Every structure is written in C-alpha cells, then in structure tokens.
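Consider the two complexes below, in which chain A is the common component and chain B and chain C are the respective partners.
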Partner chain A sequence: MEKETKQILLKINDLAVQYTSGDSVVSAVNGVSFELEKGETLGLVGETGAGKTTIAKTILRILPDPPAKIRSGQVIYNGTDLLEMSEKEVRKIRGKKISMIFQDPMTALNPMFPVGKQITEAIKIHEPLTTAQAKERAVQMLELVGIPGERYGEYPHQFSGGMKQRVVIALAIACNPELLIADEPTTALDVTIQAQVLEMMTQLKEKLSTSMILITHDLGIVAEMCDRVAIIYAGEIVEMGNREHIFDEPVHPYTKGLFEALPSVNMKAKRLKPIEGLTPDPANLPKGCKFHPRCPYATPQCADRIPELKEITKGHWTRCSASRKEGV
Partner chain B sequence: MLKYIGKRILMMIPVLVGVIVLIFTLMYFAKGDAASALAGADATAEEIQQIRARLGLDDGYFVRLGNYFKQLLLEGNLGYSYRTGASVSSEVIERFSVSFELAVFSVAFSIIFGTIMGIVAAVKQNTWIDNTAMLLALIGASMPGFLLGLLLSLVFALKLHWLPSGGWGGWEYMVLPVLAFGVSHAGTMARLTRSSMLEVVRQDYIVTAKAKGVSPFKITFVHALRNALIPITTQAGQMLGITIGGVVVAETIFSVPGIGTYIMTAINSRDYPAVQGGILFIALVFGIILLVVDILYAFIDPRIGAQYRKHRRTSKREE
Partner chain C sequence: MIMDTIIEVKGLKKYFKTPSGICHAVDGVDLSIERGKTVGIVGESGCGKSTLGRTMIHLTESTEGSIVFNGEDITRVGKAKLKELREKMQIIFQDPFSSLNPRMTAYETIEEPLRISKRFGKKEIAERTVALMRLVGIDKRIENSYPHELDGGRRQRIVIARALALKPELVICDEPVSALDVSIQAQILNLLQDLQENMKLTYVFITHDMSVVRYLSQYICVMYLGQVVEHCPTERLFENPLHPYTKALLSAIPVPDIHMPRKRVVLKGEVTSPINPKPGCRFFARCPHAAEACRRNQGLVEAEKDHFVMCSRLKEIG
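Entry: the complex of A and B
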C-alpha cells in the first residue's frame, strides 16, 4: 500500500477514562491510542461494556462529569488537543467538525420538537444562515436520507425506528462534518432496516468524503464498511490492523475467539463456540493481561505483566501472538 | 379536541351532584339551627317556629334535597342567603373574585420562585447551592401556611408596621397572605422541578443536543425544561385548586373578604344556601382548572396533542 501522503485527522494518545460512583472506581478506558486518516473508516469492535462508547463520547467531550473523569491522554484533532480546549471552543467543533450518530434512535431525538426544527437548530448554531435558509438546508438533509421534505414539521413519535435513525443521521451530517462517529448506528434496528441504513451511510460517506469511526459489535458490519479495525477488550485495544489483517489473519486470542464464535455458512454447526468465561468486571479488572483468565493460551506470566501493543507486520498491531506460536 | 372537552365537561356533572349531596347531608346532620341563629338570642319559640316554616326547614331530608335540586336545575338559582337575603350566586361571585386574585398571585409566586430554584438546584446538582436551595425548600414545604401567616403578620405588621395585618384593598394587603401560602407551595414546586429536571437531563436527547453544539443555557431552558414541564403543570394546576379551596385559613388570618370567610360565616350561622352555593362554586372552579391543565398538556407535549387529533397526516401539512 502506498499511503505515504496520508493525512492524520485524529490522533488519540494513551487515553484513560474512569467512572467513579461512591467508593468504586470503574476503569472504562485504559490507555487507548489510535490514529484516523482523512477519509478513512475505523471500526471499534468489542463487547458491551468494553469502553467503545466512552471513547466516542470522550472525543466530543460529552461524557457525563461526574461520574466520568478523563485520567490521562490526548485527543488531537487537526493538530490541537480537544481535551485542552475551552468548553466554548469545543462547542464550535461539536456538530460542525465532528458529529455523532447515536445508538438508540428512539430516545436520541427530543420528543417535544419537530424533527426538522432539531436539524435547523444545529445548522443555525454553526452556519451563518438565516432561519429560512437553515430550514431549506434541513429539508435537503431530510431528503438526502430519504425522508420526504414535507415531514419537516412532524414530531419524533410520528416516525418509525428506522426513519428516526435517518433523522439522527441527517442531523449528524447537516453541517458536513469532517469526522462522523457512529455509535452502533444499527443496533436498535431490525435487520432489513439495518441494511438500508448501512447502505445509505456508505453512500453519504462517499458523497461527503467524511472520515468515520464506526462503533459496533457486529463483525458483519465491520467487514462491509471499515478500512481498519481496532478490537477493544476491557478498555484496551488488543489488536488493530486493516480489515484484511483482522479478518484473514487474526492473531490475538480474543480476536480469534470472536471469529470462532461466528457460525460459518460452510459448516453445519450444532452449537456455537463461545469464548469461555465472562467479560471482566470493569471495577475489578484482572492484573496483567486483562484477557488471561479466559485465554486458552495463558501462561503464569500473563497474570504479571500487561503486554504491549506490538507491530507484527506493517500496520498490524497486537498485544499477544501466543495463538500464532502454538496454533501454526 | 372539542369532543374531548365536551366529554370532560359532561363528566363533571356527576362530580358536582356528588358534592351537592355530600354538603347537603353534612349540613343537614350538623347540630345547630338556622332559624334560631337567624332569630337572635331573645326570640320566642313561636318566632323561631315561624322562621322554620318560612324557610322550609321542617320538611324531611329528601324533600329539602329535592327542593334544592329543583331550584338549581329548573330556575338555575343558587337560592337566597338566610342571613342577608341577597342572591347567593351574586354574593359568591363577588367574594370569589377576591379569593381568586389571592390564589392566582400566590400560585404565580410559587411557580416563579419554585421553578427557578428547582432549575438552579438541578443544574448545580450536589453543590452547596443545591443543598441550600433544597434545605430552604424543605423548610418552606413543611411550614404550615397558618403558622407562617401568623409569624409574618407578627413581624411585618405588628412589630415593623410595614404592611397591614389584614383587610383588602391595594397590593400591600396582598403581600402577606400571598407569601403565607405561596412559600409552602414554592418549596414543593422547587423539589418537584429539581427532580423532574434531573430526570430529563439524563435522557439521550440531551446528549444529542450537546453533541450538536447547543449552549448549556439553551439545553437547560429549551431542551430540558420543555420536557420537565408536564409534572410542573400538573402540580401548578392542583396547587391553584387547593389554594382556592384552602383560602379559608389565609382569609381568616388576614381577614380577607373572600369566599373562604364567606363560607365560614355561613357555616357558623347555618346559612345553608350560602354554604352549599359557595362550595359548589369552588368545586366547579376546581374541575375547570383541572380541565384547563389537561388541555395545556396537549400544547406542551405533541405526543399528547396527537391523541386528540385523529387525522394526523392530513392535518399536519398545514402546520
């Protein structure tokens, strides 16, 4: 691959986020670093509670504080650290440069205001337009996502789930953001609507040439949409590489486990093959490698030291290659 | 929507009938005699008997109840006061306008102070501002109106001579009664506003608003408050009703010539038409206020509004 002229849009360095409630401290994100190039789609894959949404909300600085606290790290966007910016400056970036598509379209829209008005509001905050012009643009946005413009004045309760998610997407792209964070955009939708929404997102992404961070736990969606993938486990990236690396030659035992758990079309599987055990309690993470209690390749040393992310081939990073040594 | 309002008005009829029967029965079995109260202390037994006969007090329970309904329905008349001989309806309306003014001001006071305090407490959750506001609200809400009324009149009227201790006239007569009854409602309102705001600000759509760059001020006062308004409106409507029904105490303490003192005097002199008329009127106003609150919901919350409108798609285009 000759991507020497790559432009880094977003660079996250050693991000750590904790939630405190009373005496218990939950470490949701533990030292996550990654880069995102212009026009690229990065998939963040992991189980529920792995810290994916926390990473996304940290980028926009919309974590609820309290209880969430950013312990360390940098979120460098176009050369400036978003975490160092004043609230007022960040507000100019939210919705304009970086915007987010939320997980649950049922609750993401304010039930009291017409959907069109909610889009117009975002446009008016960021663009020097009159109300009439902003409204016109909002109508265009609705039509872009396949909603007739005359439904501008309708309220969220008058839309189905799939249509609401389209509205949420229209809202997110209304100001032509450079970076779109999609937090499980299709999880709350049924499968046929999922396909439509994904198809639409791919088209829009190409049309507007936005970069995207796609958060999901659905490997099928990753295969379809992402250029690069980061596998997240207990608040850490355990393996990261381009799509081919992850799908064709997964190395980390957790990633391998994920793929083995998928039923294959070719084989007649009676039972699914799960990863043994449960995701660790984030308030009480295991010492050393966080996956070692569930790992079939674990050795006594795994409990002592946290393995580093190492580049094993160009662009393919993993914290552990135990499976490769024994497996091959 | 009109159909709904009509239905609600029809539903008020059995309630009002129930109120009439209940009040009539209570007054019927209450000790004391209207005729002897009316005739005065030195009246002869014969004179009292004459008055009894004239007022129809010798008739049985059902005959008198029937007569009252007959008068109400056929003549649309609340009757004439035993004491003054004047028409009850005109007296009640005159007195009620005073009470209504008092109640509206006291509720307006509690809504303004209560919601502002509640919003500030919710925005500054778990800070000293929140704690102070909630402590004040708790004290206010638990302070009985009559006690606060007496304290206020003791301090501001008797000691400091800033304000009159009773009577009715300009604004200065209104301050103490409004405070006496507004403060406890303001406390309740502050606590309610805080909790409903806190519930709303945790919702996903608030995060959405934040993520599109809306300022914290607009998030609080536009996105969150609009959603928190439903419980606040319910509470405000009930407060207005309760205040109108409960002005008796305030009016007695501050000798305000409102419907409360009217009913009190009427009860003491067993002036049956005046008592029944006064209470019936209060019940009617209470019912209307609750109806107005329900109609307001439709304007605040489009989801409730939609339930009233059947043909959504077609009517939507014009909006």
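Entry: the complex of A and C
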C-alpha cells in the first residue's frame, strides 16, 4: 500500500455556477471537483469560456452576484467551506491566505497610487505592522520580484508590461499566501519577458513553498510549470491527471485534439488537424457529453448520457465513455 | 533562376514624431518577396512589425525608401493609380472584433468591396458574394448575422472573405489568429493555406508566434526595434539561428512536451525604447555577448548562403 502523506489544502466538490441575464441562463461551471495538495501546482487548461476564471473567482468569493449564482458545491479550504463563510471571515483569507494574479497587469493596478503604496496597503490590512514596517516589507517584495526598491514611489504607467506584472505578483505574494491563483499570468507579455516571469514564479514557489492554481490556455506553460493538470471543456473537467498522464497518454478526445491542433515549433507540420466545429454556446449546451458534436469518436449514446469522470489508472481521470472501456 | 518578385522594399523607414522624440518604428528595412510564397515577420510587441506591414502597402506613408509592387514604386504613383493597385494588396487584422463594422451583416461586409469597385452588375455581385462565403466556409444561415452574434473564428472568416473579394495578389496577415482559441486557430490556418494554393496568393505573415510561422511560411524575417536582425529560409532559422536575439527568442518558447531538454537563454532587462535610439546594435543592452564593437552601427551580413544576420560578433559567439 502506498503511504498516504499528502495534505489536502483545497478541495472543491461538485461546483456549479450559472450566470443569468434576462431570460438566458449560462451554465459556466457544471459540477467541477478537484483537490489541491500542499505545495502542488495544478494547471487548469481550457479555451475561452470554458469556465476557468469563474472557478478561480468562486474560490476567492469575488464572483459578481448578480449575474453569477453558485448553484451547488463546496470549496473546502483547510477544512472549512469558503462558500459558507461570512464576507467578514472571507476578507481575512482573501489576499492573505489565498491571493490571485490577474491576467492583465494594466487593469490590476490602481493608476492613481504609487506601486509601493499599493503593496504597503495590502500588507497593512492583513498584518499587525506599523506603516514603516509594512513599507519595508513592500520594498523587500519588490526586490524579490526583481524590481529595485527605489522604484517604490513610481506609478504603474512608469513601468513596462513585464514590470507591471512583476508588481502584481509582488502584491499577490506580499502576505505570504498559502495558495496562489494565477489567471493567465503571462498571456499579456512577450515571450522573452514571459520566460523571465515564469522563471521568477518557479523560484518564488520553491522559496515560499506556495501551492498554486495556474490557469492557462497554453500547454507549453503547463509542461513547464505544473505537477498536475485538469483539462476543462464547457464547464466540466474532461480529463485530469499528473503531467505524464496528460502529455504522454492523453485519453480524452478533446485533450488529444488540442495537442494535434497545435502547430509545433520543433517540427514542420504538413497540415494541422483542427478540432472540427465550434466551442458550444454555454447558454445552450449540447445534451449528453458536451464534446460529442465535435468528437470524431462519438457514438449515438454519447448524445444521451453525460459520461462520468472516472479514474482509469491511479490519479488519471477522464470523462469519456469510449476511454472508459480502454481503461478496463 | 529568375525570381518572380511581387514586392520589393528598399531602405524603408517609418518615423513617428512623439512628444519625447522621434520614434524609429521601422528603420531601414530591405525585403523582397517572391510571388506565391509566404514570408513571416516575427518579433515582439513594439518591434515595428505591424508598422512595416502597413507601410509596405502604403496604408501609412513611409518616411523614406522605395516600395516596388508589380514593377511600380507605390510611394511615387498618383492617387488614382494607388487606388487601382490597392485592390491587389489587402490586409487582415488581428482582432476580428474591431475590424468589422458592427452595423453590417456578414453578407453586407463581404459584398461592400465588390460594390465599391463598380466593376460588377447586381447579379454578379450577389453570385460572387455567395461564392466568397462558400470559399471561406461561412454557412449561408449566418449571412444576415451581425458581428456580435458570431464567434471569433467566424468573424475572422468574414474578414478573410472581404479581403479576398477583389482577388488580391498580396495579403498582409497581421496576427490573424492571435485572438483565437487553439482549436479554431488551426481551422483558420488551414483555410489560409488552402486559399493561398487556390488563388496563388502571396502572404506577409506578421506574428509573434514562432510555431505559427514555422507552419505557414517559407521565409522568415526576425525584427528587433525597427530593424530586421536576421532573415533566411524558415527551416534554416529553426535549425541554425545565428543572431543572439533569435536564439533567445526561440529558447523562450514554452514547448508542450515534458521530455524536451531545455537550454533557456533568459534575457536580462526589457526591450529598450525605439524613441531616439542610440547608435550601434539595438540589442546591445540585453545581449549576453555585447562588446565594444557592438556600439558601432551594424549591417546585415550574409553569414551563410541566403542567411543574413545583423551582428558583428558572429565569429566570436560561434
């Protein structure tokens, strides 16, 4: 028997979130469950509208309600359900224990205040420090992400995109969070700058032993950063496993399709194999398996029944009736 | 062998006046493109690749240099002639959300250039519009849809159909798939490839995505701060990149393969400003091999056959 030493930091159970506007109901997240161990980096991968950001916002309790409504589910963090907490209690956790790096550094910072002051403010809210001590810590944070402390008093517009994203990261880690949610942290950056930021994030993670949920659409970044991966399609996890499972033995047709649709930088492909069709309209999701209209392996029964997420080998889960047979 | 050149650009410069000085967006680019081929222009944001694309077809006026398209210098021709030549040069922009008129349906958008050209009768316009929609794979059901009702992939198909309406010879594709999801991106790339074969199109493909250019183009120019720092046939660039910037750029791409050994060159610092650039190599401040010699202005040198590099320290770097 394998020794159970893993410590679960976050456990999400059967989360469902809908957005309502007028008469239409958009099912953004449909029964998502996953666990995150301490110190682990989990990648949430999916295309636009798959529900990745909605999951992140639910964990932080920053979903705008209305239009968003949590229909079911639990977000168990260190044994307590975040969704049951009062706003006052959540505030002690948000920004302190769990913090988030947003995609666009241009909008995540307040243009009216010097960057250092924004970090100091975040520290003062959560830590019993004097202003001078908080300021000292803010300077340390800036230096940790590679920004000279002298730039404390500068405003966001005086920084380039890559530097701004570093400030956002400094802000997110200022209170030593246990869990960092990074939502497309490098999508707005150039590749050479992205390489710098990713390297810095890896180092910080090791230094501070933070757990991380990394939201991205880029499988290259996942290969570089993540221990485990969940592939999300139309608000459902369609495949989940460790990096070897996903990169070496993907089983879900959508995961396979994603890999085949990517042009490679290492090889010249004759022709790409796109996934046919379009991502489904979340206001009008197909019945049965949500991928079946685009799936090359679909059978008539795929349109009737929603396949369950099943474990095919230890730690490797997939939501597909075809691959379930393979697994037996 | 005689090369059938569709467009040749010589010493092209585009400077913008800004409050803080002169921005050298494109600073002396020479480029010659063979008919029916795809040339990829790669580089990071702010390197001048989009300005180069626009200036090449005279959408923005050049500051200096000549642009010879089908034997005619388009920087010197009159307005009427330019209008005629414009039909042969089209551009596809990155964001199909802002390049389409929100008040025009798919059908109207594609039909408009045919109407404006005044060359076709009503019936022919209708026939051609329907044919164009079929060509780019737009379902007849959505011909009366407005852009906001459509997803990014379909919108980009409309943009492509409109660009192809008057049978252009040269199409500038400015990041045409960057705003699209992976699964849709592959559909549009395949479409562009098919259209090129069927219509004998020449593409200038502007992108920051190296894997996309590798897939589509036969020739690549790498730009850094307004200059082409390396150009050669596509495969050669990937097999044997020579310029230190190209090397860093290629090594920085995250590869979706967990078994790839990676030797990453992480660059220090950030792209320097294109406003009033210092003389000498533009990459000086970030280059791991920078030396005194790099403070002099650099020129493109043919390092091996058909492989040009702007770096005076190639031998030392090895």
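Here, the second predicted complex is superposed on the first by the 312 of 328 C-alpha atoms of A that agree within 3 Å, B and C clash if a C-alpha of one lies under 4 Å from a C-alpha of the other, contacts with A are read in each partner's own complex, and residues count from 1 in each chain.
Throughout what follows, contacts are C-beta pairs under 8 Å (C-beta built on N, C-alpha and C of every residue); 3 or more make two chains touch, one makes a residue touch a chain.
What you see is a predicted model, and the numbers here were worked out from it, not measured in a lab.
Q: Just chain B (first), just chain C (second), both, or neither: which does A:Met163 touch?
A: A:Met163 sits against chain C, while chain B stays out of touch.
Q: Considering only touches as defined above, state whether A:Val222 meets chain B (first), chain C (second), both or neither.
A: second
Q: Just chain B (first), just chain C (second), both, or neither: which does A:Ile125 touch?
A: It touches chain B, and chain C stays clear.
Q: Touching A:Glu244, do we find chain B (first), chain C (second), both, or neither?
A: A:Glu244: touches chain C, not chain B.
Q: Could you look at A:Ala195 and tell me whether it touches chain B, chain C, both or neither (first, second, both, neither)?
A: A:Ala195 sits against chain C, while chain B stays out of touch.
Q: For A:Ile312, decide between first (touching chain B), second (touching chain C), both and neither.
A: After superposing on A, A:Ile312 lies clear of both chain B and chain C.
Q: Which of the two partners, first being chain B and second being chain C, lies in contact with A:Thr279: first, second, both, or neither?
A: Touch status of A:Thr279: second partner only.
Q: Tell me which touches more residues of chain A here: chain C or chain B.
A: Comparing touch counts on chain A for chain B and chain C gives C.
Q: For the complex, which residues does chain A have touching chain B?
A: 57, 60, 62, 64, 66, 91-96, 99-100, 102, 104, 107-114, 121-122, 125-126, 150, 153-155, 157-158, 168, 171
Q: If we count contacts the way the header does, which residues on chain A are in touch with chain C in the complex?
A: Residue list for chain A touching chain C: 47-48, 160-163, 190-196, 198-199, 217-224, 243-244, 247-248, 257-259, 261-266, 268-269, 271-276, 278-279.
Q: Given the complex with chain A, which residues does chain C contribute to the contact?
A: Chain C reaches chain A through residues 44-45, 151-154, 181-187, 189-190, 193, 208, 210-212, 214-215, 234-235, 238, 248-258, 260, 264, 266-267, 270-271.
Q: Mind listing the chain B positions that touch chain A in their complex?
A: Its residues touching chain A are 126, 202-205, 207-215, 223, 226-227, 300-303, 306, 312, 316-317, 319.
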